[in-house]
Amino acid sequence: MTSVETRVRVRYAETDQMGVVYHANYLVWMEVGRVELCRSRGISYRDMEANDGIMLAVAEVQCRYAHPARYDEEVIVDTVINKAHPRMVVFGYRLLRAADGKLLAVGETKHVFCDRELRPAKLPAKYWPVFGI
Amino acid sequence: MTSVETRVRVRYAETDQMGVVYHANYLVWMEVGRVELCRSRGISYRDMEANDGIMLAVAEVQCRYAHPARYDEEVIVDTVINKAHPRMVVFGYRLLRAADGKLLAVGETKHVFCDRELRPAKLPAKYWPVFGI
Amino acid sequence: MTSVETRVRVRYAETDQMGVVYHANYLVWMEVGRVELCRSRGISYRDMEANDGIMLAVAEVQCRYAHPARYDEEVIVDTVINKAHPRMVVFGYRLLRAADGKLLAVGETKHVFCDRELRPAKLPAKYWPVFGI
Amino acid sequence: MTSVETRVRVRYAETDQMGVVYHANYLVWMEVGRVELCRSRGISYRDMEANDGIMLAVAEVQCRYAHPARYDEEVIVDTVINKAHPRMVVFGYRLLRAADGKLLAVGETKHVFCDRELRPAKLPAKYWPVFGI
């Protein structure tokens, strides 16, 4: 499966006194990336949650920071599904500075499909193609 | 009614590249202040929400910033109820630098009591004393 | 002067357990709005800060919340300059749900121009037209 | 070296519409944990940054989420130094629910010592004992 590109522009709120983006915000951008990947494949994560009660609980995250992102820069979040089966999905991310393609960070998040009470659940079959299952 | 003091320590995540606390975070500290005011009067906002389905939806906020808060400083959030009746409550806040009592900001938030569907609701009478009604 | 429209899409990170956007995030969107207003008038707030050492320290904010914003909704931030002179500027904001134009919130932020040490400063004349001075 | 315990109370702002803490906030708590570890060993991270221009740039983070943290819960951040030499330091974290000791998450962050321009730098020898070097 191919990756999906989303763009975010760094907000002032996302910087810290080191003059760069605070590292936890990269995880928020990854969230934006995977939501847009779903949208590009024809489903809305919001509807999946609201209509079918399927949540993507985060089970694991990792991120390696290669170069700091700075205020007002445009950042490309390049998202891909690294692995998926009816119980879990692993997304991979490459964050790039849009201006010159410089690699900012590489990350991965693992999610467990859950019901509204956050108990592990099986993804309904109609969603399998979205995740390449 | 008397005011209630809570303390927060400025986190690195709360600063921005101006080298001071990003202004929206003062609203988060005010939230901490009003929750602790409730706790000091014997009720848990969490339980009020979980058990009675009463939400304090924010209807209005205002904040005047007198002096910037900086990383790792301890900040006193001095919270008081300015006005309350069974449909709404107004909290007032004074934020002070703990080290020397310097005034950092003064704010106010107005809340409407709501039910779980966020429709305006009447506060159950058992909670009236907490808010000085 | 005319207002400038910017759009943001509500992130999962911006919601809270009430199922709507946490109120402090509206202030972050207002920041996005005023930065884009500056950009639409030909200046980059980043450059103003980096090259001329001019900061827009927030002196006052207020926001009235009319209707909750929800996850994944697109929000229009309609920004205007309400008042400006070489020492300060006041921005006004109307936040609207893009899908149907429903009014979500109305806000205002007052800023004092400062130098890098956050001392009040006079805005260089070359920037006056941007702010309608 | 022994671990250091810090406590944070979950803020409403830190929850999301899943009704639990948004996962990126665990990284903020880890930041609180490592700052308090430094403080417990007699140094202030703020002073190290302000006086000696030494920054701890985040190079890598990982976190496994075992159980969701919920609003108003008190969380213990148990922090330890897993590895350190004059160029880098690795902190390890265990996040526990204070009420019953339930494990919420396990994480690790790797940092590179940098100067004010965020170039890799060697940690001054006077700080070595703090990090167990």
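Letters A, B, C and D mark the chains in the order given here, with residues in each chain numbered from 1 onward.
Following the convention adopted for this analysis, a residue touches a chain if its C-beta (ideal position, glycine included) is under 8 Å from a C-beta of that chain, and two chains touch if they have at least 3 such contacts.
Fair warning: this is a prediction, and the values are worked out from it, not measured in the lab.
Chemist: Report back the single chain whose CA centre is most distant from the CA centre of subunit C.
Modeler: D
Chemist: Comparing B-C against A-B, which pair counts more contacting C-beta pairs?
Modeler: Answer to which pair has more contacts is B-C.
Chemist: Please work out the Cα centroid separation of subunit B and subunit C, and write it as a whole number of Å.
Modeler: 23
Chemist: Between subunit A and subunit B, what is the gap in Å from one C-alpha centre to the other?
Modeler: Result: the chain centres lie 32 Å from each other.
Chemist: Spell out, as numbers or ranges, the residues of subunit C touching 2 or more other chains.
Modeler: 12-13, 18-20, 24, 28, 31, 71
Chemist: Which part of subunit D faces subunit B closely enough to touch in the complex?
Modeler: Where subunit D meets subunit B, its residues are 9, 11-13, 28, 31-32, 35, 44-46, 71-72.
Chemist: Using the touch definition up top, name the residues of subunit D that touch subunit C in the complex.
Modeler: Answer in residue numbers: 12-13, 15-20, 22, 24, 71.
Chemist: Can you list the subunit B residues touching subunit C in their complex?
Modeler: Those residues of subunit B that touch subunit C are 18-20, 23-25, 27-28, 31, 55, 57-65, 68, 118.
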